[in-house]
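Each of the next two complexes has chain A plus one more chain, namely chain B in the first and chain C in the second.
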Partner chain A sequence: MADFNVSSRGVGSVNVLDLKGYLDAHTAPELEKAFNKLIDEKSFNVIVNFRDLNYISSAGLGVFMAYVETMRENKGDIKFSNMKENVYNIFDLLGFPVLYEFFKDETEALDKFKVQG
Partner chain B sequence: MLKNKEKNFERNLVVKSSTDNLSIIREFTTTSAKECGCSEELTGNIILAVDEACTNIIKHAYKYSSNGEIGITIKSTQANIVILITDSGEHFDPENVPAPNLIEYQRQKKAGGLGIFLMKKLMDEVNYKVLRDNRNQVELVKHLK
Partner chain C sequence: MKIPFKDSPRNKKLENLVITAILIILFRLIFPSNSSAGVYTASEFLLFGFIYFAALYLNDFFNVKKYAPLSVILNIGVLTAIIFFILSVSGNSSSGSIPNTTAVESFFYMLASFLLIGGLAYIFISFRYLFFLRQKKNPGKYFNVMVLFLVISYFLNIVDKYFKESSFLWEAFFAVSIMLISINSLRVSWIAFLTKKEKIYLLVMSVVIAFLFLRIASLFDAKEITLLASLKDFSGGTWTYMLSMMIYGAVYSFVIFFTALFHLPTAEAFDRKAEEVSSLMDLSKIITKVFNSKQLADTIISLSSKICNSDCAWLVTCDKDTIEVQSTVNIGYVESEKITQKLLLEINEGIDETIILGKSSIRIAYENDLKIYNFSSIAIAPLMRHEQVTGYIFAAKKNNTVFDDEDKKAISAYADYAAVAFENARLFSESIEKERMEKELEVAREIQHKIVPSETPKFRNLQIAARFKPAYEVGGDYFDFFDISDEKVGFVVADVSGKGISAAFVMAEVKGIFESLSKVISAPKELLTCANDILKRSLDKKSFVTAVYGIINLNTGVVNLARAGHTPILLVSGNDVNRLTPNGIGLGIDNGLNFNQYITELEFKLNNDDILTLYSDGITECKNLKLEDFGMERFEKLLKENKSISLESASDKIIESLEEFSKEYIQHDDITLVLLKWGNH
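Take a look at the complex of A and B:
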């Protein structure tokens, strides 16, 4: 059963990771693999689109915590978009909105990368 | 407040300690919480708290060995929803786990350390004890107002 899927697409100088399904301790390694691939390709501007993600546990949140610094050290970032309310609430409970940028829509996140150059 | 006030509601599940079973645990928790009348929001919070507790057991008590067993009992009374989660792995003292510091974790590129804090945020009580047969038990309690 495919509980989780992550796919990557390029939009200009930004890579968008589309997440689908359930992100937990079992599926988090797939997301880690996707981030490792982006780092190998030196793609440090990343938007994670949560439109089709139904569920996240702390194992999923931990992946962003482990990779964001590498992106920022290379003048990039991980920005979040299109999050369902139940998923956003978990990020909020743990205080992520202070340290990460959340956007309602992917295009807003893309615009922010453009402004930042 | 529960919609269905079934007296002595209780459901049980035993699974092997593999992260592969987290989806089965979620399904069981969803069905049980809904059966005892929990709202969608409360059900969501219970699912996540149980997931976090079981993930910790797989990671810390069984060190990712899938040969162990995790027992889950969900029961409700008029006043509480109580979830008991047991394992026979290494004892784990949550008191030794510090509150998470996101800025520091990020700097260290650390992926873990959020689960217990999240469980405490989602539930009213998170109690750990060692049972007489030496199994570990996590008790998650949500008070129903």
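Take a look at the complex of A and C:
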């Protein structure tokens, strides 16, 4: 079965989650674990880097919906970056771009967090 | 060697026997005395025939496969007693010569002789049965050689009678026969399989029988018994045969006596082992048949209590910290539970193998009373499943006896069996539960298929075809059509995120929402906004629903539609396929945003033969083994290729292509396809 991997790294006050592979109902719990860990650490500024993510299913999308509220309540946010076109199309069809910020590159997202301070 | 008449039916054998007996009587009437060698020889042959047929007939009453040596021994004992009785009452002849007999007397002699010969044939067959009993290899040839020598000895009597100088021949063969009898008598392995009680019984019986045989054999030479004396004179062969049977009997009885005697000390251990083996066999049979835990526990505990001679025993199952007594022998449920708690608390460490505790007195409070149990030995065997303890077998002794290693092994074996049996019973009930779930799912599937239109409705100017294929028994896709007014028809295709039962529940809710909203709100944008408000409250954070809702005017072909995060609507018009993707976010996705603000409604007019295509992402994201998507391009190409054929055929073509594409890969998402063709001809 398709693999999925999530790794977290800190860039200043922001945490970046690097996603890799296929994010679906089977692998979504791994991403949930990563988010739970960030919340435990009180890191609410999160950038999700999609550079190596090839596929996302509705269960994968659900994970972001479940955690964005918590992040925003704590004056943080989840921002997306480096998304492949096919993955972006899925987000786009569902109307995510009105609800989340998407960036071509991670640094742009980092800059945005800096501006928001 | 083929034995003549051996395979004829039983009544045929009896017939042969009776005919021979009649022949002998007739022969005797014609030749009252053995006047010549010829007559004597003929008489000997006839008698041999009688013995032979008697043996053949009686042999059918024995079945070597049946293990019943004691009843055979008893029969031998009774028969020898009868023979002894006949010989005793047949009268003494002090002179040794044959007294003049009356016709009646000679008739009785004849009858007695027949009975004797028949009885001895029975004894001979009994020996044969015992000889072959419980023999692993076929020792037939030893027995056959012995029989051969006996037969030769029988006929050598004729020679012996008329050629006195060659009597050494008979003596030699008879001696060899006796030797062979002695050797064959040593085959008594069946004794080992008797229980202790049976061995004692056999010991006593063998003494009695040995005495009887010896006593009768001693009569043979004494010439005191008229019958025997006359018999020797009358038929030396029969006399030899009877004598050899007596010797066989005597030797065999002695062998039995000593074998049984030597087996007695080990009899108890043998009994115990045999019982263990047979009860374990019973248990393994039960394991595969009984799925009732209580019954299993009862059987296991009563068997293990019996095998290791415990005064009381009980079986408990434990689940985390709670223990439950399943079955007890000679002890109450409440007491055994309290003792178990006490014991497990005292040991206070994991028991992962059978342990034997020494003397211990256990005090338990029972019915406002203090009860003391003094045990001399307690065995505790854990029931293990995947290295986890699922219960224990307890066995206890009271009267200064202790459990030895054998008991320990036996209890361990029972505990292992019990663990397997309980696991089996558990798996069985689980499989029943699974079956029940499958049935429920089947019902759910039927209900869901009733929720979506089973037949596509017919409207003027508009043809409709629809396909609905959940990935599992039930799914989260939904489509429907609504009569709004005489000229307007509403249509919807929705897709609940996730799959299976959870999605199916939401799907049913979605059906209710669209069904009722379609009656009160005509504008698609407002309707979806309203649906979003309702769904937001009931959906969990991670779930959402995508939908397309539209209205078509049956007179004009004008379509109004709005999309809430759903896959693009495909409009097949002329040679083009247009993707219509008006703005709109999925239902239940917005958190606090104004859904209404981000959704746009599309209005356009259909031309003749335009096909409006609505579908769920199960089609475009349908995967093959390489995890490639079926994709929009393939889908659009299919739509173009099949735009001219009937809508039903086009739908079938599309579904077939999807199945062909993903035939090596399981369908992982629900598939819905709705085609609407405008035809204002």
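Things worth noting here:
The rule is simple: the second predicted complex is superposed on the first by the 115 of 117 C-alpha atoms of A that agree within 3 Å, B and C clash if a C-alpha of one lies under 4 Å from a C-alpha of the other, contacts with A are read in each partner's own complex, and residues count from 1 in each chain.
Keep in mind that, in the parts below, a contact is a pair of C-beta atoms (placed from the backbone, for glycine too) under 8 Å apart; a residue touches a chain by one contact, two chains touch by 3 or more.
Values in this document were obtained by computation on a predicted structure and should not be read as measured data.
Contacts of A:61 after superposition: both chain B and chain C are touched.
In the superposed model, A:26 makes contact with chain B only, not with chain C. Residue contacts after overlaying the shared chain place A:96 against chain B and chain C alike.
Chain A is touched at more residues by one of its partners, and among chain B and chain C that partner is B. By the touch criterion stated above, A:113 is placed in contact with neither chain B nor chain C.
In the overlay built on the shared chain, the residue A:44 is in contact with neither chain B nor chain C. By the document's definition of touching, both partners, chain B and chain C, reach A:69. Where the contact sets of chain A with chain B and with chain C meet, they give residues 22, 25, 55, 58-59, 61-63, 65-66, 68-69, 93-96, 98-99. Within the complex formed with chain B, the chain A residues making contact are 1, 3, 22, 24-26, 28, 55, 57-59, 61-63, 65-70, 86, 90, 93-96, 98-99.
On the chain C side of its complex with chain A, the touching residues are 497-499, 541-544, 546, 564-568, 581, 583-586, 589-591, 593, 598, 627.
On the chain A side of its complex with chain C, the touching residues are 2, 22, 25, 55, 58-59, 61-63, 65-66, 68-69, 93-96, 98-99. Listed in rising order, the residues of chain B touching chain A in the complex are 19-20, 22-23, 26, 44, 47-48, 51-52, 55, 58-59, 100, 102-103, 105-107, 109-115, 117-118, 121-122.
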